[in-house]
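Order as written gives the chain letters A, B, C and D; numbering starts at 1 within each chain.
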Amino acid sequence: MNNHESTHSGWPPISNGLTDIGRMLISCPDRPGIVAAVSRFLYEQGANIVHSDQHSTDPSGGTFFMRVEFQLPELEKRGPELEQAFAPVAEAFRMDWRLAYAGRVKRLAVFVSKAEHTLFELLWQRRAGDLRAEIAMVISNHPDLGETVEGWGIPFHYVPIEQGRKHEAEARQLELMAGRVDAVVLARYMQILTRQFIAQYPYRIINIHHSFLPAFVGANPYARAYERGVKLIGATAHYVTEELDAGPIIEQDVQRVDHRHNVDDLKRIGRHIERVVLARAVSWHVEDRVLVHGNKTVVFA
Amino acid sequence: MNNHESTHSGWPPISNGLTDIGRMLISCPDRPGIVAAVSRFLYEQGANIVHSDQHSTDPSGGTFFMRVEFQLPELEKRGPELEQAFAPVAEAFRMDWRLAYAGRVKRLAVFVSKAEHTLFELLWQRRAGDLRAEIAMVISNHPDLGETVEGWGIPFHYVPIEQGRKHEAEARQLELMAGRVDAVVLARYMQILTRQFIAQYPYRIINIHHSFLPAFVGANPYARAYERGVKLIGATAHYVTEELDAGPIIEQDVQRVDHRHNVDDLKRIGRHIERVVLARAVSWHVEDRVLVHGNKTVVFA
Amino acid sequence: MNNHESTHSGWPPISNGLTDIGRMLISCPDRPGIVAAVSRFLYEQGANIVHSDQHSTDPSGGTFFMRVEFQLPELEKRGPELEQAFAPVAEAFRMDWRLAYAGRVKRLAVFVSKAEHTLFELLWQRRAGDLRAEIAMVISNHPDLGETVEGWGIPFHYVPIEQGRKHEAEARQLELMAGRVDAVVLARYMQILTRQFIAQYPYRIINIHHSFLPAFVGANPYARAYERGVKLIGATAHYVTEELDAGPIIEQDVQRVDHRHNVDDLKRIGRHIERVVLARAVSWHVEDRVLVHGNKTVVFA
Amino acid sequence: MNNHESTHSGWPPISNGLTDIGRMLISCPDRPGIVAAVSRFLYEQGANIVHSDQHSTDPSGGTFFMRVEFQLPELEKRGPELEQAFAPVAEAFRMDWRLAYAGRVKRLAVFVSKAEHTLFELLWQRRAGDLRAEIAMVISNHPDLGETVEGWGIPFHYVPIEQGRKHEAEARQLELMAGRVDAVVLARYMQILTRQFIAQYPYRIINIHHSFLPAFVGANPYARAYERGVKLIGATAHYVTEELDAGPIIEQDVQRVDHRHNVDDLKRIGRHIERVVLARAVSWHVEDRVLVHGNKTVVFA
């Protein structure tokens, strides 16, 4: 097991207190006995449950979701044996499940174009220790933010997207990320990904859309919000799927606006909503708090 | 000048303190000197400005909006002469304008179907003196709420809408309202009005739509919000125009929801948003705070 | 077991769907195995867990809180035997616990003075089925609201508080409530209760204070908020304890205000916050979602 | 007239579009004719009013406040003559007034200790062009943030506060600022200023207090909020006066918390509120939107 955390020079490490913490993520058809079986299993393994969240879409015939955070001495070493021991329990309840090791801090590739605000928020939250992930690299189709990003001690890769040659650019991006990245954050990245790229990181690509979806899907949402005369503007963080701006929503928020605000004001106010919404969604993802169910999410925040 | 206020038995009158209060509502092409001309005019007439709000879409070539609330002794008597004196000022600046007499409390017809929550909020706010309007009558296409409404001392008219005979029903509604109503509030009224009806009360019919428009235009917005997995649900109060759910937005608000809420929960939470949003919009309308500009509103709240 | 629900004439019963639903409320020193023991117990009894919430102040040496909502056929009949069977489990973990029967809808006495807004909200939410409790009676030290309350079909008791004779008045109140009331709601009741009265309903008296506590403890909070020039005003629902406005907080909320608002405006805006905050707190209490811990609450909302 | 703006290397200048923009800030006893006199004066001078806000605490005998933003060609040159011409108008209405030149971008000294979050927000908003001020220098009683601040191209001065020698340290601070600074921002600066220092910058020192004042005046507000079990935590930006945490409030905001949050969580959540609240207050101050009235503020936001 290699070390998943490469701290930035001078920044505090963020794995403190996460060693020996495991997170069991489960979804299965609901029926009596699931919680009893899982909690008994963990108890018998010597694990101490720290947090536990459950949700059922319907106790009769619905889907059951569970996130259990537990502490187990020497988890990193004992993990494989634990997973093996859990297999029969999982099978009995037809569970879709995984065990996440909190100590293996997730590594992010942040994709940007020219706008810096959502990237900066992620960097600041990482530096403050609020975002418990490593920003392994920043990839951009413009060179503009390179100097700033490298000034923060983070690798910056300029990968231009030439007309009609997106597949080549994406191949380069995937090569840069291979084995070094657990999830992709589109921090106001102004390119549409191909379905082939998306398939490489299923439900591990998070986009921030600058509207309160499903209102204003597509381009220029602030200009269209202005035209429609809405009294609130919003932002939406969602997993990227093939259909544009239609993937499972992780988080949304809004802010009040009024007739005094022109399109530039909406963009300025919107920048603050985008920063907060994307940072929350990324934090929840890297802390294994988001489970996808159909085209929706269960967020154990 | 007839008395515009017929207080409900036992309810406090709401015109207190509004006599002698006038509101000048102006929109015109922006150019220097407008505020100077209007404020000088009012000063010379002996009026004391109590509140004043202005807005310009663009100081060069845009539209200017103004709402001035002033006190003038014997306004009700001196009004016509004041309006005549202002005409040359208005003409010089090519103003679209009107003078509203705050003492002439606006009379509302509230249209309902079976849901009572937005109606009750309006009644409660009227009774508390927060809504400064008279609820002159309630009109419904169902008899269900009749007893309750009459119990509050308010006339209730049951006007069923039979298949293919909407024009007859609307004729009856218009007849009931003629000369007795200044504005119409659609308080979860589940019928679409004809363009002929709408033309009788231009920008004086307020609807509450149970979604954050322009998301979920049309029927069953809560069910569709649930399907999409949004993290906030909302409500929108707007003036009714010919195109469904597309008129000028007066007010919107939202509330946070999550995966634990089913469609019924969304409806329950939504009821509270609808109540608040509609009541705010109606209050602003009856206090002459809303100016329509194209398909948008300027709200001097 | 007597029937705890006496529906108001014409109002829908609210126990629908609550029969056979039990809620186990537990607090105990945290240590491994609690969830496993409780969930195994329920599973073996044939109960199906519908919702489950847990909280630990500290996995090492802290206090553990749990609320499990489960379905068990014939719960009302089987309850005593269930409670007996659980006793050894509870003892092993040194649990403070109780079993609440959701079908035994809680009965409220609402205390008011002259202000009606929070009372009306509770009545409206009860009528809409959002507040799952019976309003068994309204008690007031003023006769003003009697007619209105009785018009809703709810018993109204006028119990004046004469100078220096509060104990007699409280004795009368307690007599009226004896055996008929599970919790008391002070809906802007302008009298301070004696410690003797409070002791009769420990952590079962909910008050709404018209400020964002601990700011503006005591009288005239809106006037003092105005003097201080705050930019947000709030309301706080809390359990009543001997020390004034110092009991465990259940819920708080705020609304933005600015320099344009005078004290009357703050009161008007505040009324809306009070309504919402009190109704939320009462709903959580009657649904057994609030656990008291020291002078704080754990709210499994 | 010297140039008030020294842009940071590589950062966009922020005075764009502000040249020739003046802001008249007026307070005086309310009486009829004020708006007419001011608007007529500006019109006659050839100024075009861009925005105008007014407020009266009471039309009869209260105080009137006005902020007029206008455009006047060659304002910088014509200013003195304009001010001279206005003097008689001001005298007639007993006005307290000043003319602010928007093109003279205000210069800030930001005082910090070790926490960086509010400083970073100001830097980021300045860089984005949202904060229309120059950050002329950062002064700290700790050397920790020096390298980072200088990396942003901003002068950093380390001025330690030795036991019993605060006056010497403040003398050094005042010397550093003399002629170079228009306002002081205490961005989580953990020292109390002396009355002598405060007197040098009356109503031009803005502090961020990490609680919803007047709750939790003084030290350790988050720990005390945790102890009290509040359901919302807040932050307050206010002008510094002699009495601790008691100066005029400019802005406040809150965020919801619950039983799951420990003191560290409150601090983390609080950091985000502090950032937003301080940045808003500083923006309003530098755009001449804040008028002080007694111990309160009128904010024309």
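Details
Just so it is clear, a contact is a pair of C-beta atoms (placed from the backbone, for glycine too) under 8 Å apart; a residue touches a chain by one contact, two chains touch by 3 or more.
All of these numbers come straight from a predicted model, not from anything done at the bench.
Among the remaining chains, C is positioned farthest from subunit D, on the basis of C-alpha centroids.
Superposing the C-alpha atoms of subunit B onto those of subunit D requires a rotation of 180 degrees, given to the nearest 5.
Centroids built from CA atoms put subunit D at 37 Å from subunit A. Per-chain Cα centroids separate subunit C from subunit D by 43 Å. Along subunit D, no residue makes contact with two or more other chains.
Chain contact summary for the complex, subunit B toward subunit C: residues 116-117, 120, 124, 128, 130, 151, 268, 271-272, 276.
Residues of subunit A touching subunit C in their complex: 31-33, 35-36, 39-40, 42-43, 46-52, 54, 56, 59, 71. Residues of subunit C touching subunit D in their complex: 55, 212-216, 228-232, 234, 248-254, 258-260, 293, 295-299, 301.
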